[in-house]
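What follows is a single structure, and I will ask about it in a moment.
As written, the chain order gives the labels A, B, C and D, with residue 1 at the start of each chain.
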Amino acid sequence: MFHITIKSRIVFIAIVLICPWIFYLIPAVSHYLDILIFAGIYCLITIGLSLLMGYAGQISLGHAAFFGIGAYISGILTTKYGLNPWVCILIALFVSGFIAYCIGVPTLKLHGHYLAMGTLAFGIITFIIFNEEITYTGGPDGMGNIKELQLLGFPIDTNMKYYYLVWLTVVLALLFSVNLIQSRVGRALRAIHTSEVAASSMGVNVAGYKIQIFVFSAILASISGSFYAHYIKFLNPTSFDLFFSIKLLIMIVMGGMRSIWGAIIGAVIIAFLSFEWLGAFHEFETLAYGAILLLVTIFLPDGLVSLPGKFSEQINKYLSKIKA
Amino acid sequence: MELILSVDSLDVIFGGLAALKDVGFTIQKGVIKSLIGPNGAGKSTMLNVITGVIQSTKGDIHFYGKRINGLAAHKISRLGISRTFQHVETFAKMSVLENVMVGCHSHMSANLLTSGLSLFNVRREEDRVKNEALALLDFVGLLDKKYQEASSLPIGEQRILEIARALATRPKLLCLDEPAAGLNESDTNQFSILVREIKKKGISILLIEHDMKLVMKISDELTVLNYGQKIAEGTPIEIQNDPVVHEAYLGG
Amino acid sequence: MDSAFFFTYFLQFVISGITIGSIYAMVAVGFNIIYNVTEIINFAQGEFVMLGGLIMVIFYNKLDLPILIAFLMTVIVVAMIGLLIDQIVIKSIKQPTVLTLIIGTIATSILLKGAAMFIWGKNPYDLPAFSGREAINFFGAVIQPQALWVIGILVVVVGLLSFFFEKSIIGKAMRACSDNQDAALLVGISVKRMILLSFALSAAIGAVAGVIVTPIALMEYDRGAMLAVKGFAALILGGLGSFPGAVIGGLLLGLIEALVAGYISSGYKDAFALAVLLILLFVRPHGILGNPTVAKFKKF
Amino acid sequence: MKKISFQTLFILALSLITMFSVVSCEKKTTQKLKIGAVFSVTGGASFLGDPEKKTAEMLVEQVNKAGGINGVQVELIVMDTEGDATKTNLAVKKLMTQDKVLAVVGPSTSGNSIAVIPLAEETMTPLVSCAASYKIVNNPDTNKPYKWVFKTPQSDSMAVEAIFTHLQSKKINKIAILSDTSGFGASGRAELQRLAKDYNMSIVADETYGPKDTDMTPQLTKIKKLNPQAIVNWSIGPTQVTVVRNWKDLKMDGIKFYQSHGFGSLKNVELAAGAAEGVYLPLGSVAIADILPENHPQKTVTRQYVNDYNAKYNEPLSSFGGHAHDALKMVFAAIGKAGADKAKIRDELEKISGFVGQHGIFNMSADDHNGLDKTAFNMLVVKDGKWAFAD
């Protein structure tokens, strides 16, 4: 599962390129493009989280904070100070990375449930700051009037353009991560996941790698936040609360923790579930969401990404039965 | 003979209890040194202190003249001390090959950025390390299982894999923590051949083992611990004839 | 301002902090019971509190049962729900890693919340205070009688639990399960039954918390998540697995919130409390009374 | 045996998704007037969205039973935003671009409404928000309303002005503010701070609490220490009941207690278990249909709505439902005059005057896309567990 072939990368890129046109051509589902943009924004966070949690084995219940920091820095600096959005994305990325470093050094020394609580506390504190610093963030009412992105003088003003901006970034992040997993660093991360003692005895700087990957995932979340801000053009704190952190966790687990594809499948499926399909249940929506989540945890503990394997296993069993 | 490791009057205290008390010994280059003693004598603690997993309370450990007390485990590993574990700690969900490649970590240079971008020299380095790991797997006899998940190997082979992984760090001193536990007789024989092969490469070995037959067969020197203290030191024959050692093992 | 006044206000903040803290402590104690047997953090713990309050509303307000019977019925019903959760959810999770269990229990909590919204609607409900609403004067500060009930019941519950786990055979058996499941099996303890029991017990304690807190703060379908987060924070602050730790953690959290709200900034009170928690964890990575080796070797 | 690869499954899933959605979106053949509605039916702001949704569905049922608008049936497409900005954005975008509705009613909260202003402006679809903030109908760049956006609730500033006017009549000028940290509390707090100067109010304490907090004694104790003449509390949900109880427990009766219009359900008075006695609050007419004098212009409208609602849903009416009532009725009226043309509907909405709604009498204009003034609020006091006009 760790080996991601060249072929599958090409197929993925092809799907990313073609997908919007399918939806574009069918009017009944043309709004799926909008959902896919948000799904892509989530993918950027979950790819980083997948490296952190699935590969390095460090739980984080606070990544909504980095998403929020990216979004608010982009939002505030462009609207209140009129800076170039791309410069703001860079600033946001550095600030998020720096905060992740400062928080990560002490927090990543914690283990298990203590680490979960540490990151959770960081997430909630950040949320409270977004909520309280009304002069900058607009408080619970939020801030609007965020301008759209421009690339080389061309405004990114349609869904289609934004889709390609977001998803091509996802592709880059994915390729980067895939390379990473199959390298010295990736092996070190997975080694840390199984045994920190053994990894450090093999010369792996355990604390150093934990921080590095934490910072990297925070940077991805920050970029994602900036994209979110410029797409939705409005920010309020509830988009970055504890429940969003949990939603990210759900995406990772539902998609499949031990594979980077799982992060992408999880983000896309959860986006479609919560923005589109579950709406059909009306007041049963919360119930249905809980039920689906529970069923996946029980029957697909390795996430949706393990489904094709199980599927083909069953078919093979069936086929061999017929032959016999 | 060149002195590579010296332990001087080392104390390790856990919550008021002394696990090691005033222990000292040395290891020369190219020597197989065994650390023996009854259960709870402090052998594993000794090994954990040398490899940086546990911190000592007092005393010195010098490796090639450099004091290594208090250094982080990964730094000690980079200085050239590598180890295996009493309870196997292979990286369960990684392939046998990848396990050994983790061992090569210290003599690689790719970092998060260059790895992610998969630069040319990263890929070249990756190829080099892969060949090195394959050679090591060939050396220990696990080459045909290179793509299996480590956890799928029987325990004996996992112990061998740990040795290969430790060798991949290019150690000057290899610490083996009960490497023959759970091996049958023919495995044990193969293991002793392997240890001699490693010795031939000029790597010193610090061995903790309960199988006395094996210890006496392959060791050059022995140090005996009891209740955290050194009670005897010498060649296998000297130790076998030492009344104090007999007392410790039999007299309780 | 003269010192008598100062004292009165300080006392009022402390009383308020202890009241809030006792509720957090009750939730933390519930977390601990399951954790001590199974090493699972059951994130649906907050929903037990919510269910306790709302089911009591049915038995007491709607069916007009006598208060003690309604109370007992509520505790029994919620304990049954706890049993069901173990039987249906926890047992059927095939690869019980810490993360799948976290998600599993979060999913359960979402389910319970959804069901409660369907049954009780979105409005808050009230229960009458056990001994009236007339506030008691205490050195110039005031206490609601119900707050005394909360504190008293917390003391009784923690006392009983400590006795149960230290002295009774079943309690000892339950603890043995967490120390070493294989060994527990060897000496003939039914680990499965102990786990079942732990879920029932912790659900029951959640229900008690729900019943006693509703007269103070009302109860509605989506209160559970907040209580779970605060209870979890109290638990970690005090140290996983320790009952005195859970109580200390809960009270400390409540006191910090009340004092910060009173003297510094009410908007940042939760942030302050969590910052204190974080700083404490940096210094003591296993909480105030937690076991350091356990904290270190838990993996995901 | 060839294994089924990841890609095959991905493509399979993709085509399934597409098919599922094509099937689920069957084409409507009959021509209907489509109106969109986005409310926070669940989530933190469900106290707004739930009655609004019920009201909207009831009104559409009524108008269709009566033969529709100019003989054409109305189709209402309701979407739940859960109070989430992202979800609101997607829902409104879908309504405006894909379902091509004539107008959108909602969202329920100020934050969500501000979030979708750009969508209404881009797609040129009238949006009648059910949220209070004046920012919804005030473009900071031009200081005029956004072209396509209207709102029906009284601005928070009107509630604040009603309270401050009442305070002045009681010769009170030293007040303390309490609010929760939700959007509702925060915008009320902002208005209280902003308007205090105009009414010569000095704010001696400004305290907040979380929307799920269980005890506000510390905040109240701090206020007690500063000894103001009155407390103005702005919150929603169970906390506004708890805070009144704490006020009573601390024996702070000497300090007058003002609640926001969010307290405007007798259910809250009941939950306060006697503690709410003597609490003042501003309310729209709909909440007090029973005690309005017979000659009050809103008497008939409010009474009919309250009766219909109670009959249909068998639960007490929340005054927030009235915002959806006013919004939808105005949209109906505009469509009645303009037909199925979005631009004309917008023009008709802007021309509305003398429209008797649940929360006041609306007079829209190019400069005012709300159309209410502070007379839309009545000052009330809780007396014997019921509303009474405050003197």
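Criterion: contacts are C-beta pairs under 8 Å (C-beta built on N, C-alpha and C of every residue); 3 or more make two chains touch, one makes a residue touch a chain.
Small disclaimer: the values here were computed from a predicted structure and weren't measured.
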item: Touching chain A and also chain B, the following chains; value: none
item: Most remote chain, CA-based centroid, reference being chain B; value: D
item: Contact-richer chain pair (by C-beta pairs counted) among C-D and A-C; value: A-C
item: Chain occupying the middle, per Cα centroid; value: A
item: Chain C and chain D, separation of their C-alpha mean positions in angstrom; value: 35
item: Cα-centroid distance, chain B relative to chain D, in whole angstrom; value: 71
item: Euclidean distance of C-alpha centroids - chain A vs chain D, Å; value: 34
item: Numbers and ranges of chain D residues touching at least 2 other chains; value: 42, 44, 181
item: Residue list for chain C, restricted to those that touch at least two other chains; value: 117, 267, 270
item: Residues within chain B bordering two or more other chains; value: none
item: In contact (per the touch rule at the top): chain pairs; value: A-B, A-C, A-D, C-D
item: Chain A residues within the chain D interface of the complex; value: 7-8, 11-12, 15, 19, 22-23, 26-32, 34-35, 38, 131-132, 134, 139-142, 144-145, 232-236, 238-239, 261, 265, 272, 274-276, 279-280, 282-283, 285-286, 305, 307-309, 311-312, 315-316, 319
item: For the chain C and chain D complex, residues of the former touching the latter; value: 1, 5, 9, 12-13, 15-17, 19-20, 23, 117, 122-126, 128, 133, 135, 142, 144, 213, 216-220, 222-223, 226, 257-259, 261-263, 266-267, 270
item: Interfacial residue positions of chain D with respect to chain A in the complex; value: 1, 3-11, 14, 17-18, 21-22, 24-25, 41-42, 44, 79-80, 83-87, 89-90, 93-94, 97-98, 110-111, 114-118, 133, 135, 140, 181-183, 185-187, 190
item: Of all residues in chain D, those that touch chain C in their complex; value: 42, 44, 46-47, 50, 181, 207-210, 212-215, 217-219, 221-222, 225, 237-238, 241-242, 245, 248-251, 267, 271, 273-275
item: Residues on chain B engaged by chain A in the complex (per definition of touch); value: 51-53, 72-74, 77-78, 82-83, 85, 89-94, 98, 101-103, 105-106, 108, 110-112, 115-118, 122, 125-126, 129, 165-166, 168-169
